[in-house]
Structure formats: C-alpha cells, structure tokens
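Letters A, B and C mark the chains as written, and numbering starts fresh at 1 in each.
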Amino acid sequence: MPLVKVHVLKCRTSQELSMLLDTIHDVIVASFGVPPRDRYQILHEHEASHFWALDTGLDIARTEKIILLEIVSRPRSRDAKVAFYANLARELQARCDIEPSDVMVTMINNSDEDWSFGLGRAQFLTGELG
Amino acid sequence: MPLVKVHVLKCRTSQELSMLLDTIHDVIVASFGVPPRDRYQILHEHEASHFWALDTGLDIARTEKIILLEIVSRPRSRDAKVAFYANLARELQARCDIEPSDVMVTMINNSDEDWSFGLGRAQFLTGELG
Amino acid sequence: MPLVKVHVLKCRTSQELSMLLDTIHDVIVASFGVPPRDRYQILHEHEASHFWALDTGLDIARTEKIILLEIVSRPRSRDAKVAFYANLARELQARCDIEPSDVMVTMINNSDEDWSFGLGRAQFLTGELG
C-alpha cells in the first residue's frame, strides 16, 4: 500500500530507472512487511531548475543522483521508519550506486479508510486486507 | 476544496481526459457536498515505466486505463469516503468506460487552517467558507 | 524541511520561474524560521487542460499566473500558517507580479520521524536537527 512517489533529475538510463524502482520496492517489502504485489510507484523526472534539495545545514553533499521519496502510507511505527531509512540508503548504494547522501525521504500518514485499491471498495475496511 | 491529483498512463485523447476530469469532479461534488466551483485538479500523464499499480494480492486486473487519485481534503467521515469510492467507480464505468478494477484512490487529510484559496487568507478560518 | 511542490501553468520564462522559486523559499524561511539551506522544492509546469483551480464560489479571479503550492511540513502553529499565507501573497505580488488572487496553498502535516534528509538517518530523531 504505500504509494511511493520518486523524484529524480533527468540523468539516468531506462535501465537505471528500472533498477531504482525495483530496489525501492524491495526495500519497502522488506522493511514494512507488505506483500510483493503491494507496489504503487510514480516516478517524476525533473530538470535541475525544477528540483531543489539542499541540506538544512547538515553538510550533506548532493549530486545529480539525488532522489527524493514521498511515501503515503497507513501509520508505521517509528522503529519501522527508522529501519526503512537505513535499509533504503544501504540498498540504493549497493544496487544503484547512489550515495546515502543523495537519498531523502518524507512520509505522509493516513488511515485504513483512506485507501481503495479498486472495485469501488475500501479493502482495509471490508476485511479483504488485514 | 479537495485537491485531486489524477495519475494516468499516456493512452487517452484530449476529449477522454477532459471527460475523465469532469466525471471525477461531479462525483466529488455529489459525494462530499462541496460547491460546484470547488474544483482543484492536477492531471499527470505517465509512461508505463514510470507508473506502477499492482494489486496487493487482491487479484484485481489492471489495464492501461488504470487511474490513481490522490486526494487532499479536510477530514471526511468514513461513510462519506466509502460512498465516494463506490460512486467514483460506478460513474467512471458509466461515463468513461473505465472498469472499477482500474480505479484506485488514496486520501490525505488535513485541517481548516491548511487551506488558503487566495488573497493571502485562510478562508476556513476567516469565516468566508463554512 | 518543508517540501514545497509548486504547480503552475506553462506560461513563464526560466527567469520568471527561478524568481518564483526564490521568492517562495525566502517567504518559507522568514515565516517558519527555518535555515536558509532548508530548501526542498519541486516545480511542475502544466498544460491548462491538466490544471484546474476554480474558487469554491469565493469570487476570486484566476489568471494564467495561478500558482498552487502543496507543502509537506512538520506541524506549524495556526498563527504561523496564517502569517505565511499573507506573507506569501504579498511577496509574490511585489517580486513576481502575481496577484494575491492567483496564490493558493494547501499544507500537509507530518512528524519528526517522517523525515530523512540523507545518510539513512532521521535527523529530527538523532538530534542532528532540533
């Protein structure tokens, strides 16, 4: 269920973008314990003039490989979120050659009643999803 | 007031896109009881490589007509949301030939103070909107 | 930290877009008291057919200069939000020649644990950010 919006600069090949989305999804599945087919991703490629991500004074070096994830999800525990950030940075470095300094995330929380996966129904309320 | 972001694949004519947005808006008005001019919509067309919407194992068949709505709104009741999902699926099938299996929604909730419709004011706080 | 998504119609030069983003950022810094390098902005340019922003019956005249901001932020006080809306409208008029009637904002609230600025860490939880 999380809906994952991925913002990147226009600098990657189709193969690199595909690997990026696959890696993010694998980390979502592993970190939040969702089913493998719980994959909802939207990828936006931006011109540099249209995408700013400085560092709030944290002295984090950004490159053109910067990615920013917006994730909409039912509530997750603080521990699960913290583990997710670490897992994500590690896997993106290992599989996509993206430095942890280029990985930014913000999460937005909603509730069971806020999701309809299709068929006009709210599957977390009907009991179709637990 | 809801802000409605509509994500689709690049597969529709201008006329089809226009009818899609009109239909979504009509369902918003009917389901949430908002004024007809409470229309705030953003449409994103994506390449298939940039937009994933599987089914969380629910066995829901997707086609290229898949639409995913992100809706930002003041709080709505659970009943209103459930009715909205059903109305939306029904009207999109009737008017846009989109199967209910291709209609996904996620809602994000905020508050009165989170909206300024213009003029530098928060109209839900000033009393201009009820 | 606020993540600011800016939606506009395709009608501006690169210089105008740059000034628009700079102005919005300056107002964010002044209104919310965030560091100057707390700049996270995504700009989407839309065709008129893909971006609707009517007025909820408030009799607010829109032009092609309409901008709609979605802001994801840790909680801010009501007073800070109200001041931000007013400051934003004033500065956009002064510096970008955008009428207050063309400035719309919606804010989405999340929490300390919902942000990772890089390095696989949640900097509001680690104490790196206050």
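The rule is short, and it goes like this: contacts are C-beta pairs under 8 Å (C-beta built on N, C-alpha and C of every residue); 3 or more make two chains touch, one makes a residue touch a chain.
These numbers come from a predicted model, not from an experiment.
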item: Angle of rotation relating chain B to chain C [CA atoms, steps of 5 degrees]; value: 120
item: Same or different contact residues where chain B meets its copy chain A, judged by the half mark; value: different
item: Chain centre separation (chain A, chain B; CA means) in Å; value: 22
item: Multi-partner residues of chain A (each touching 2 or more other chains); value: 44, 108
item: Touching residues (chain side chain B, partner chain A) in the complex; value: 7, 44, 46, 49-58, 60, 62, 68, 70, 78, 81-82, 85-90, 100-109
item: List of chain A residues in touch with chain B within their complex; value: 1, 3, 14, 17-18, 21, 25, 34-45, 72, 108, 110-111, 113-123, 125, 128-129
